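Handing you this structure, nothing more for now.
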């Protein structure tokens, strides 16, 4: 886990209620971790989800691709990392989650578009906030 | 929505607590709907998730690809549909969700592998249950 | 389970993802079942949560008392029942959940107040909708 | 908020997906915060929920009483505090949650019993772990 190659990373501890009857974190919970990581990133650059929402901008998912590699379980802590790039109206988050010991848990590509008062926007409003953090490298 | 072209379909009503502050069903909830639909399918063919789990077989996701097309909101009802095919140890569920009025909400490809006592199995044990329902058509 | 003595009852099937690592439905999920039951009741009398919310009325919990009696698990179906009474601005839902075989799962007293545009209301607006369903018997 | 009068307290940040369409944290989520706080306490005294579960001991709720006082919303951080006392087989957690600015969000009494291999235990096994932290003061 070389967090240096990511624009942002945050540590998240598994909460015991997130673990299902199979003894592993339920597959849907990872979408929550991924969303929480994106929102923590927005917080960190001073433009929170709350601010966006108050101004009428709502980021919504248009596509998610997730490879589940190693499950998390009770007591685990993860490091959740992201890079961003832009393709026209779409912001694409490349997100990786690692267990505290460095084993990769998941990799995801999350495509987000921005609604403005409920309608699809061109995404230009977020350019000033996200611009300095956009990367060009595809994977 | 031609449910005839699906192996299985079930109706699900949005529960109000599933709608987030944006006024739409939160992106992670759809993973719950998709899982619930797969499990309802297993129920319908007489081999429930509970049965599998009791016998030491645990289906887990290895990959999810989801295209979010139209959001669901308060009061909506959906029809959630699936087809299955097999690729070696992997069962691939092609899943589509439609709003009650026929508008497509989401399409997904969910790849599931089967753990047996915690280890990856070849998936042969489920062949007898799933066999009659496997389709050959890719999309 | 004499559902006749309740103003409203609805059947809910446990979804497998609601079962936690202990093999039983997680304690917080019951709050979801209870909320869903109240909202289904509102739907049934023609005044949905969505309608209320659109008109600026938001029911919120002020108190919950829950006795957990028998846990639900994979594959279970429940019957969720309620009665309502009013105490000034407070609507008090007496809610009982039974497993399909009649064993009682839970009993709860849920006190709800109505916010109007974010401020505590006297609750009179809902009187016309709820009035015919209010019971006088305390327990 | 005088955290000194509590045996344990922990800070939790609201995750945006926990906020529902009413713009406030959904009532069921607080049960998650309360559970997470109890489990963090167990972690802090060196006897984690995972350890208990591995040894066949499963804490389960028998009763919850919750007064909802001030709702949490997007961007809020809370301090979640607890005291414990014992009444025979029951461990009673007095739990209070405060917003970061000190306003009280919620107060709760959560009664937990311990199952051992699925059967109600007398709770004596946890006495050695919990003993030093039990308080005598009722409220």
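Just so it is clear, A, B, C and D label the chains in written order, and each chain counts residues from 1 on its own.
We adopt the following convention: a contact is a pair of C-beta atoms (placed from the backbone, for glycine too) under 8 Å apart; a residue touches a chain by one contact, two chains touch by 3 or more.
Predicted model, so just to flag it, every value in this text is computed and none were measured.
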Classification of the subunit A:subunit D interface as same or different, half of numbers criterion: same
Winner on C-beta contact pairs when A-B is weighed against B-C: A-B
Where subunit A and subunit B are represented by their mean Cα positions, the distance between them in whole Å: 23
Distance from subunit C to subunit B - Cα centre to Cα centre, in angstrom: 29
Sites on subunit D at which at least two other chains make contact: 16-17, 21, 26, 28, 32, 35, 53, 74
Residue ranges of subunit B touching subunit A (in the complex, touch as defined): 21-22, 24, 26-29, 31-32, 35, 53, 58, 60-68, 71
Residue ranges of subunit D in contact with subunit A within the complex: 15-17, 32, 35-36, 39, 48-50, 53, 74-75
Subunit D residues touching subunit B - in the complex, by the definition given at the top: 16-17, 19-21, 23, 26, 28, 74
